[in-house]
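Chain IDs A, B, C and D follow the sequence of writing; residue 1 opens each chain.
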Amino acid sequence: MSIKVRYFASLKELLGRSEDELEFVEVMSVIEVWKQLNIGIELPDNILAAINMEYVSLDSLVNKDDEVAFFPPVTGG
Amino acid sequence: MSIKVRYFASLKELLGRSEDELEFVEVMSVIEVWKQLNIGIELPDNILAAINMEYVSLDSLVNKDDEVAFFPPVTGG
Amino acid sequence: MQVKILETAFDPLQEIQRYQSSAGSMKGKYGATSIFIGTMRDFNDGDNIKGMTVEHYSGMTEVQLGKIITEAMQKWQVLDVLVVHRVGDLYPDDPIVLVAVWSTHRGDAFDVSRYIMEALKSKVPFWKKEILQSEAARWVDKNTDGYKRHE
Amino acid sequence: MQVKILETAFDPLQEIQRYQSSAGSMKGKYGATSIFIGTMRDFNDGDNIKGMTVEHYSGMTEVQLGKIITEAMQKWQVLDVLVVHRVGDLYPDDPIVLVAVWSTHRGDAFDVSRYIMEALKSKVPFWKKEILQSEAARWVDKNTDGYKRHE
């Protein structure tokens, strides 16, 4: 029972890795997931978050087996 | 020295001809050109007029060697 | 800029390909291409349509299309424009009109392709006559605003 | 409806041709096709660009594109939609994105192609990294509104 956490694009380069696993202990918010995995690194202002491939706010709750993602503004097209 | 007058689409079919020549005697308006050539036939309400391939109002003046055209609303595209 | 009035069937995608290849100076410069293709349907106003004849005022057609494209190129930032329109006898699924616009940024390409189509529909002297399944023929009396009519 | 994410170069006109031929049920029914093609430029923000890498969040890309297309098909009268987007390494003049929309009337086709492009640019998880002539690389920080920026 774990949470998969993914990072993309410039954020991935900034952190130097593309994903983390976090053991699921209790329900927590997206921003708390970030804080647990990136101690001392503030989440940059413009970063977006998703749970299970849907956009969410940073106070949304993360459950076991969820996939959480953090990434900068999208620039496709 | 004459004026060439052209009719298009449903108006051409209504009149049974696609063009007229009118001898140029003096400057006159577009609507007078119509009246001289189509005695007793009122110009249908929605008909548009052009002089030398530019849209004009019915009171615009026609000069010698001008090409005048009458046609219904356009339906291309 | 190019305007073509064609009396025989054309392939819009081939026209775009041909024009884009010939306009080599645009290469690497255009980020956006907006294309509109109008195709003959087999129905209109609740009737089945088996054919169509497009008449035009040769000469005025080119003058008016030229004005419309020039106006668009003055108002927006556009690199190039291609307009192709069929005249003569058409059948369902035949392309009627192609408008293709190349620009650096997408906003201009979208605006201009739509502007040209709306202006073409209201100002360029083409007229459509529909041949119904019953062989009856009728002139299309006016162009609509481009959305589904409440029939 | 079809969404394709491609890791190798594609020809937008061939994709349209292929899709239109396979969607035989549309024949005679669509009067309007609106197409947008986004192409890689060789300049951006005042710099010459020699290459680009497009990264995406595989899975979320398809989920978000599917939602956008479904929303558009609920809001407008549309017959079919094709969206193709490149990922991986691109070079100037390479197509990046294709949006093609088929509808009965032109208003819907114009509205939907633009709606999908704007939504794609703001919601679908693609990211572009530009390689400058100097070999320096930089992430594009955000998409613009689609008009020329005052640089």
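In the analysis below, a contact is a pair of C-beta atoms (placed from the backbone, for glycine too) under 8 Å apart; a residue touches a chain by one contact, two chains touch by 3 or more.
What you are looking at is a predicted structure, and each value in this text was computed from that prediction instead of being measured.
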Ask   = Among the remaining chains, which ones contact both chain B and chain C?
value = none
Query = Of all chains present, which has the mean Cα position farthest from that of chain D?
reply = B
Message = Taking the mean of the CA coordinates per chain, how far is chain A from chain D in Å?
response = 26
Query = Roughly how far is chain A from chain B, going centre to centre by Cα mean, in whole Å?
reply = 72
Inquiry  = Taking the mean of the CA coordinates per chain, how far is chain B from chain D in Å?
reply    = 48
Multi-chain contact residues (two or more partners), chain C = 38, 106, 117
Touching two or more other chains - residues of chain B = 77
Key: Chain pairs that touch, as defined at the top of this document   = A-D, B-C, C-D
Query = Which residues of chain D touch chain C in the complex?
reply = 13, 16-17, 27-43, 77, 92-93, 104-110, 113-114, 117, 144-148
Query = For chain D, which residues count as touching chain A in their complex?
reply = 38, 54-57, 59-60, 63-64, 85, 96-97, 117, 120-129, 139-143
Message = Residue numbers of chain A touching chain D in their complex, please.
response = 6, 8-10, 13, 50, 53-55, 69, 71-77
